[in-house]
Amino acid sequence: MSQRNSYAVGTGLFIVLGFAALAYLATQTTSVANTHQGASYTVEAHFANIGQLKERAPVKIAGVRVGQVSSIVLDPKQEAADVKLSIDQAYSHIPDDSVATIFTSGLLGDQYVGIQYGSSKRDLADGGTLARTKPAQQLEEMLGKFFGAGGVADNLGGSYTVKARFGNVGALTVGAPVKMAGVAIGSVAAVHADPVKLDAEVELSIDKKYDQIPDDSAAAVFTSGLIGTQYVAIQPGGSPEFLKNGDEMVLTQSAMQLEDLIGKFLVNGSPAEKKDAPAGKQ
Amino acid sequence: MTAPAAPSEPLVRIRGLTTVLNGKTIFDALDLDIPRGRVTAIMGPSGTGKTTLLKHITGQMRGDAGQVLVDGQNVPELSREKLFALREKIGYLFQNSALLTDFDVFENIAFPLRQHTRLPEVLIRNIVLTKLQAVGLRGAAGLMPAELSGGMARRVALARAIVFDPMLILYDEPFVGLDPIALSQVLKLIRTLNETLGITSVLVAHELDAIKQVADLVYLIANGKVVAQGDPRTIADDGSPWTRQFFGGDIDGPVPFQYPAGDYAQALGLAGERA
Amino acid sequence: MSARPQRNVITNALAQIGEAGLFLLTLLAAVPRSLRYVRETVRQLWFVGAMSLTIITVCGLFVGMVLGLQLYYVLSIFGGTAASGTVVAIAIYRELGPVVTALLFAGRAGTSITAEIGLMRATDQLAAMEMMAVDPIAYVAVPRYLAGLIAMPLLCAVFCALGIYGGHLVGVTWLGIDNGTFWSNMTATVDVWKDVVNGILVKSLVFGAVVSLIAVYQGYTTPPTSEGVAYATTRTVVASSIAILALDFVLTAFLM
């Protein structure tokens, strides 16, 4: 009988181990781990664009998790998303002029709300509103950061819009960077087909800082690397007149197709960037 | 249980048993009686269904027609519960012993007790050791079946078969593959169990010499029927062609040397030339 | 022996599935009778479950490690190594955990169930139980079936835990992905119902039910010869593998 009892004990251990593993996985590696249990208070923030932000996404200060997004609703009057943040009571001394920003963890990670402290002496109260917010950055901008030479210019200083017509924009999307000399100076504000001329009309939103672009400059749709997203590159011309808000760029070069790009890789070998060399070899 | 049959009745009474397996007739209206308290041997050429007959008695197989009455109950008509209740009173010794390889000798013999009773451990131990002592293997209680010789395994299986003191023991080829010493031991056990406990015994075997030592009655089965029956010491001399061939070991006779087949010459493709 | 036409292979397969289905009904009908053999179920749980822990642990660890390594190389191209925690967890919970555990279970426990029952049949042990008025379906088949059914989700949970640990070991400890990012991305994305419950519980329960049924059925119906047992053991592995992968597709389509 002792033989039988040892089976029973071993089997019992096995069952306990299995259920422990299951419980651990279910509670520690899933969103259940983020479900907030302690006391918390709620503040509101209005974002122009929340991107992929979801309920239960983390709220972080200096990268440390302090709470989570409890609800997201659209405020139709302001054309803005009303996001409620549930923040742990332990972090109750957040200045009321702090800035809430929607960040993305890594390139492929989920989005979260980051709070950067302001300088006000008054603390944010329960039910209060974070007045200063920055909306979610588009994936295209993120990709631009990774693959492009420089970052996307922030539009805080205001921008002006010029138009450009392309026979083919390839995969150019709204939000793609506009670059001059490899440096981002703005972004694509709109891409739409012209029903009459049967080409693509692209609106480029360019930072006001760069208001001395010659009006005979050329716009081209380029691709950052083999698998990167596309962006608009501006090659300055020699005219003494500068582009103004609402102007149209005359000289344009359309997007090259992927087939052309691959052809380039195969024929000419790898481009300057070493990172792409393995892809080129194949 | 239904009322047991009168003591003078045979324990097993088979009437008109007919069984067809895969198109081959195994039993053809077989009649056979097994008397109480005696040792009955069933003999016959290979393939005549001797083991199949034992399976009919225990209800492991059912015939297509006929009655198999065991202690007054018709086995083919029994419900599962009643059949299992009947089997608790029947011991069965398998040709290859069929010990449970998971358990040691002790647990093998204790197995039926544990399954069907809630006896205290002390009592189970006493019963098992008594049965092991009866077959002379009390010292082997801790061995696993794989560690036993063929003869020992058969004695353990016998101890297991008698653990409930059954009214009937069926031995399937109990003498096969035993050396002369083990053979004598098994013969003595069969005789002793029959004499001391009054257990009715049925054994299926080929060995006439061994059967002469233990059996009171012999049935010779061939072609699905009983072709001869009687005292084992005299049955060989009853004059029928079946017994003459079987006990004389003749190559040809009522049991043909050739398995039934088509024309030999035709099978070889010689039919044309012969014509 | 002339080659049989294709049609017979399909007919045979259908016949096998049908017989296995009927056998399942026999098993289920015998479950109440088998309740008195709880000890036997516990003993079988030891053999098919606890004794499979070694292979499950080692394989889970290596699957997680190789996943961590591959993801690091692929994701670093995109600068997305932070997502490796998420991808490791989701890949393991949804697919690798249940599927690999079931395949290993078929190879480790399924074959031994088939071989054991087949040998019990070949050596008349099942007939001996019948003769001792013990129902072999209730005593032999059902406990092994139930043990397989119970063991699979537990083994799968252990496999997943070790897989995550392996992915963490390679990604974070060896290749230097940030520990906090690894966990926070995982906890932010992995859903307890969609990933953990569907993967570990639903999928592996179904796989456990199917693999155990195939193993017990093949053992119970094998011809009582050593050749028959060998053939049945092979068939357990082949049929289980096909069933696991085919069912995985069906389940994924239904659950996701």
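A, B and C label the chains in the order they appear, each numbered from 1.
One rule holds for everything that comes next: a contact is a pair of C-beta atoms (placed from the backbone, for glycine too) under 8 Å apart; a residue touches a chain by one contact, two chains touch by 3 or more.
All values reported here derive from a predicted model rather than from experimental measurement.
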Next item on the list: Identify the chains adjacent to both chain A and chain C in the sense defined at the top.
Entry: none
Item checked: Chain centroid nearest the full-protein CA centroid -> C
Checklist line | Between chain C and chain A, distance of the C-alpha-averaged centres to the nearest whole Å | finding: 41
Next item on the list: Could you please state the distance in Å, as a whole number, between where the Cα atoms of chain B are centred and where those of chain C are centred?
Entry: 43
Notebook entry, point to check: Just how far, in Å, is the C-alpha centre of chain B from the one of chain A?
Noted result: 84
Notebook entry, point to check: What residues of chain C sit close enough to touch chain A in their complex?
Noted result: 39, 42-43, 45-46, 49-50, 53, 75, 77-83, 86, 89, 93, 150-151, 153-155, 157-158, 160-161, 164, 180-181, 183-192, 195-197, 200-201
Note to self: Which residues of chain A touch chain C once you look at their complex with the stated criterion?
What the structure shows: 4, 7-8, 10-11, 13-15, 17-19, 21-22, 24-34, 56-58, 63, 65, 105-110, 112, 146, 275
Item checked: List of chain B residues in touch with chain C within their complex -> 58, 60, 84-85, 87-88, 90, 92, 94-96, 98-101, 111-112, 115-116, 160
Next item on the list: Spell out the residues on chain C that touch chain B in their complex, using ranges where they run on.
Entry: 119-120, 123-125, 127-135, 139
